[in-house]
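The data blocks that follow each hold one structure.
Paired with chain B in one complex and with chain C in the other, chain A is shared by the two complexes that follow.
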Partner chain A sequence: MANIKYMLLISRQGKLRLQKWYTAIAAKEKTKIVKALTSIILARKKKMCNIVEYGDHKVVYRRYASLYFICGISQNSDNELLTLEIVHRYVETMDTYFGNVCELDIIFNFEKAYNILDEMIMCDGSITETSKSNVLNNIKTMDILENNDNLDRVLS
Partner chain B sequence: MGSSLKSFIKDVRGAKTLSEERSIIQKQSAKVRTKLRDDHLSLEKRRKNIQKLMYLFILGEKTHFGQVECINLIASDEFVNKRLGYLAAVLLLDESQDLLTLLTNLMSNDLNHSNKYIVSLALTTLGFLSSPELVRDLYPDVNNILKTSKNVFLVKKALQCTAKMISKDITLFDVFSLDTIKDILNNNSLVCHGTLLGVGKVIQAYVKGFPAYLEMLKSDNTNIEAMEQILVADISEIIPEIILQLKNLNMKNTKPEYDVKGVCDPFLQAELIQTLKVIFQLENTAINDQFLNKFEDLLTFIATNTDPSKSSGQSILYETAKTIFSLNLEQSLRVLGINILANFLNGKNNNIKYVALNTLLQVIPQDPSAVQRHRKYILKCLFDPDVSIKSRALELTFAILDESNIVESITELVNFLEYSSEDNTDLNIYIVEHLVNAFDTIKVSDEKWKLDIFLKILELTGSYMTQERINDILITLNNVTNFDNKNHFVVKLLNISLKKYEEANKSVDLFSDNFAWKLVTVWCIGEYADLVLSKSKSSIISETNLTKYLVDLDTYCTAADTKILDYLLTATLKLSSKITNGKAIEDLRQIILTHTKDANLLIQMKSVQYELIFSQPVAIKKPILEIMPKFEKKQKPIFESIHRASSVIKKTEKPRSNNDLLLDLLGDDTIGDNSNARKPTNSDNSPQGNADKDLLADIFGSSNNRSESVSQTHIESVSKDHNTNSVQLPSDAAEIYDDDNITIYGQVNSIETRLAQIELYFKSKGNITELLSLCAVTKTQKLVMGTLIPSSDINTGNISKQSLKITGSGKLKLRVKLEFKIDGVDHSELFDHKFDHSI
Partner chain C sequence: MRPRDKLLVLFSNDEEVTKIKSFILQKVFKLDNSILENGYNVSILKDLVWENKYYSLNYDLYVDEYDNIETWIKEYISKECDVLREVLSGIIIIDKFDNKTDTNELLSISKSLSVNKGSENIFNIFINTNMDFEDSKLEEINDSILASEFDHAIEFLKISYSDIDENISFVPMDNVTKYGERVGLSRAIDIIDTSDWEGCIRVMTKQKTSIKNKEIRQDNDNEEHNNLDLLLKQLHIAREQFNASQNKIEAEKLANDLAEEISKLI
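So, the complex of A and B:
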């Protein structure tokens, strides 16, 4: 199984593009983790495996174009391979939503990236919905609701 | 600078320098802060600022000032505000904040809202921010959704929330019942992948929390057995349903939306496997008797029916293997699991190789022989370009090393060393450490081969080999009883050394940085020159060549090479008694002579003493310079992780001042790592040390113990002449510590200005061995400790004493740490004592 402790999206230049923490961690510790993982993971070569041991837990990551998707999971109980599949599912879903997603989409629409993530992963990092179409339908409905509110405001 | 979020992001991205970027961010941060403080700010503007705040959060900036604003947005009636408010709250707040209580009422309302999306937002947020108060207050609302809602979208989220809540607060077990879960499973319109994921989570949380709940009930005198039976009954009803669902998922893949590379919803499959695993981990006989067989059949089915060529299939197979091992299922399944992993090793993908090696490493204790069978694949992974795979494969190779495969495995490892590059020094050190150790524990029939391996690793890794390993090799060599084998090694070693030396034509390269090689060569010249000189047919090993080697090495030695010089002097002395060539003997004599004025006191002292021996007649010299007796070797733990091994090596041994000691005592976690340096028998570990001691004791009868890098605070092993003494406890000694194993008395012998002498008496209550007492004093004082008299081994009722000399000023306070063994079991004690005196 995979309970994700945190998910970080870091660009090839080492810039944080998204961060999501599924466990309560002190701000100082968060900064430390982000800093350490950025340097560890950016330095890894392409052929190396996507699993790194860091501190008391494991980190799996995968690079999609210019972005690294990084997930912290527990040392022994979690399934590293499945975590990679979850990341891939997330990327696929965003790809459909944005239509060929790229780093810029996520930078300017981080809110949407979070919305999609929240539909897929809940609580302490467990996957909640595995159907892409379910996730997207719900997100789209909520987007419409949001726009209706805006429309109402304009009309009144 | 624009005012929208978009332009803010653009500005940050457009910054040319880091400082420019910082100034843009700080300006915006200040701006957002002032804006949010304005009570009359419109909701639309407020939203904009919260969005900016979220961007600041992503950038890693401080955002605490906006936390209350998120809550204000949630309070709004409009969906757009609520959506943003909840999203921001989840990001900017966490479970530990008091602020969350402000949310209670808002969320309670939203959980009962008519719009399912608003309910869903509240559920998602509750799942992230489950503080104890929120859990307690909002549980009824969530449970209500579970019970009454017909909406799959909400039920799935409510299930996830419930799982988190009951794992946070076991008192909820009083009101939560698995009946809700059974109802959902029985309601066809609710069963779908999303709800099944949630059902799995709830069951896991329930089963995991149940033992703790029973514990809690115990104190209330509730009938626990009845409770347990209810659980068993509930779970027994649920298991068949889950097994059925899982089997269906694995068999047919008909829903394209759940397909992942040809496998149907691997996430749900893994979740259900995990759920069943957690249930069987309860080890409830009633449940296991009824269902474990079925589960085993199902795992076998999954293992054979899942496509191993796709990453999604691999993740399920991996989960299956992990489950088999963690439940320690029967042999046939274990073999199945190990075979799954072995197939992974054979693949091309590095991730599956890594997880396979990692898991096999954990399985070894359960089934070494099954892992053994895949040794070939494991050895192959040694040569993988990925360093983490290399290191895992190494650990695994050593873990399965035994008599049957040692020759093949070690040949492969030496092969690895040969092609290993400089950046792998850590791994190389790890190999050498474990390889030398492996020879201690595993019997090798072919001694000649073993010595050849030593020669090879000296050649390959000598430049960074630790002193301890060099000593191990020397000890092993010394203890070789077969003359031919020994001769074989020494001739080979000297041949290479002397040949290189000739080829290099006395250039500096000759004495390259292969420290271990040099040391072993020097030692062998001293010990075995006679052996090889008489037997060797090769012309290169001659009296003059050996002498020349020593002479030249001596000239190239810098002051920093004390260790080499130390060995070289002894070798010189020994060689002189083994050769007949007068000129060579004189050359050797000169080596020693030049060092009688050495700046290094140690070398100087040794040279002076050796010079005395040198001039003795052969009849006296010969017996002193006999070859070494057989050495005893200390056993070391063999298996430790690479990380640990290399960190120990990197620690340089340095003399410890009292301050260090104090630090160690206060935070005693480093003691374990370093304890080797402080073991009483430390100096005995080195053959050279032994040689000196014998030599000096015989000639001068003095107890001239020269501990080198080791500080005086060590408790040295007892010298023989002390053994007969027994210690009496003086009548005025006061008891300062007492426990089940030992009583300690202290006596202040003398107090002068800035100097106190104290005796500690250790009276044992059991057979204590290897007692090591470490004392620390306050920072204003310094401490010198004597040895334990008569011995660091104390039989029941006997007493050993130790004298302490404290200089400095202030009250006399001691912190004492004791490490000792009773019947081979390690004990350690730590206590403080304050004397009534001060200096």
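So, the complex of A and C:
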């Protein structure tokens, strides 16, 4: 099982692009975690292990182009490799949706990136959908509904 | 607060760097030949348009040259340049760095350049024109820069090119690393694309267009205007038909069809 505590997306420039918290953490603590992990992960060399111990939990990260996907998971109960697979599946799904996703896509379509993530991971951090096509179909349906809503607004 | 809508490109006056100056300006900033026809004397280019598939914005490009970087920095941090420092979004330094170049050298340049409050929002890109510079060394320097906890974005890039003769021919620059990250001048474009452009007005565009100069941008504006006219006409007709329609299912179908057409136009 994998119960992700949080997922962060940080650019190589150290800018936080996405953040999703699956456990209740105080705002001050969140800022502390983001700041600490940004410097810890960015400072790690490319060939270093993708799993780091941080505080009372483990952090699994993976780099795609100029973006670092960082997940906090429980020390004993969660599977690091499964978490890496989830991250990879998330990136693959975004890649299909945006067509070769890049940092700019995430900056300007952050709500879509969150929607895709929400389709894959439940609010408690456990994985809910592994099928890329199911996730994309749901997102497509949401897009159609959104377009129709916009049209209804114009027509009314 | 003034908008940070200026980019500074700083070339070393090394012979090899000077040779490819126009090439770099053309490739990164998509300046056309008419702008560059004055040769290497271009220094301030106003009202250029930086454009990518999501936004476009107006910016000014400052181009300068240095003989000795330390002397140039002294001038840059002087009081006369206070205003300039406040409106810069990024500084791109292009030089022929040799294999002895180390992280500290680049960090000390970046540190000297960031004397203002808010300088953490300015990016620094170092572009090395030295083809023989080892890739492993480049990686090593970038790793050390990331580990340095410096407060703003610094990247060290390298461009690759084949023999320099009168017709400089470059190898394709869209090479990507095994992490899918673009390298060289393409990466420089990525950094500018994702920079903050603090206080600048970005015009959002959904058209997939590349960076173009102002004239081409105007053409695009006309095209977008025509599309908008068409869209409004269609909406107007649809509204009339929708109101006139007694059948709810038919009206809904009409709305769906129109939504599809509009999404095609967008």
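We take it that the second predicted complex is superposed on the first by the 156 of 156 C-alpha atoms of A that agree within 3 Å, B and C clash if a C-alpha of one lies under 4 Å from a C-alpha of the other, contacts with A are read in each partner's own complex, and residues count from 1 in each chain.
FYI, contacts are C-beta pairs under 8 Å (C-beta built on N, C-alpha and C of every residue); 3 or more make two chains touch, one makes a residue touch a chain.
Keep in mind that this is a model prediction, so the values were computed, not measured.
> For A:C49 in the superposed arrangement: first (chain B), second (chain C), both or neither?
After superposition on chain A, A:C49 lies in contact with chain B alone.
> Examine A:F108 and indicate which partner it touches, taking first as chain B and second as chain C; both and neither are also allowed.
In the superposed model, A:F108 contacts both chain B and chain C.
> Could you look at A:S66 and tell me whether it touches chain B, chain C, both or neither (first, second, both, neither)?
Second partner only, chain C.
> I'd like to know which partner A:S74 touches here: chain B for first, chain C for second, both or neither.
neither
> For A:M142, select first, second, both or neither according to whether it touches chain B, chain C, the two together, or no partner.
In the superposition, A:M142 touches chain B alone.
> Scan A:S133 for contacts with chain B and chain C and give back first, second, both or neither.
Touch partner of A:S133: chain B, not chain C.
> If you stack the two complexes on chain A, which partner ends up touching A:T96: first (chain B), second (chain C), both, or neither?
neither
> Counting touched residues of chain A, say whether chain B or chain C comes out ahead.
Looking at chain A, the partner in contact with more of its residues is B.
> Give me the intersection of chain A's contacts with chain B and its contacts with chain C, in residue numbers.
45, 107-108, 148, 150
> List the residues on chain B that touch chain A in their complex, please.
Going by the criterion above, the answer is residues 6, 9, 13, 44, 51, 54-55, 57-60, 78-81, 83-84, 87, 90-91, 94-96, 115, 117, 120, 124, 127-128, 130, 153, 156-157, 160-161, 163-164, 193-194, 197-198, 201, 257-258, 260, 265-268, 270-271, 274, 311-312, 314-315, 318-319, 322, 350-355, 362, 385-389.
> State the interface residues of chain C toward chain A in the complex, per the touch definition above.
52-55, 123, 139, 143, 146-147, 149, 153, 155, 176, 179-182, 190-191, 193-194, 204, 235, 238-239, 242, 255-256, 258-259, 262-263
> Which stretch or stretches of chain A touch chain C in the complex?
11-15, 39, 42-43, 45-46, 63-66, 102-104, 107-108, 144, 147-148, 150-152, 154-155
> Where on chain A is chain B touching in the complex?
1-2, 16-22, 24-25, 31, 34, 45, 47-53, 76, 79-82, 84-86, 89, 107-108, 110-111, 114-115, 118, 122-124, 126-134, 138, 141-142, 145-146, 148-150, 153
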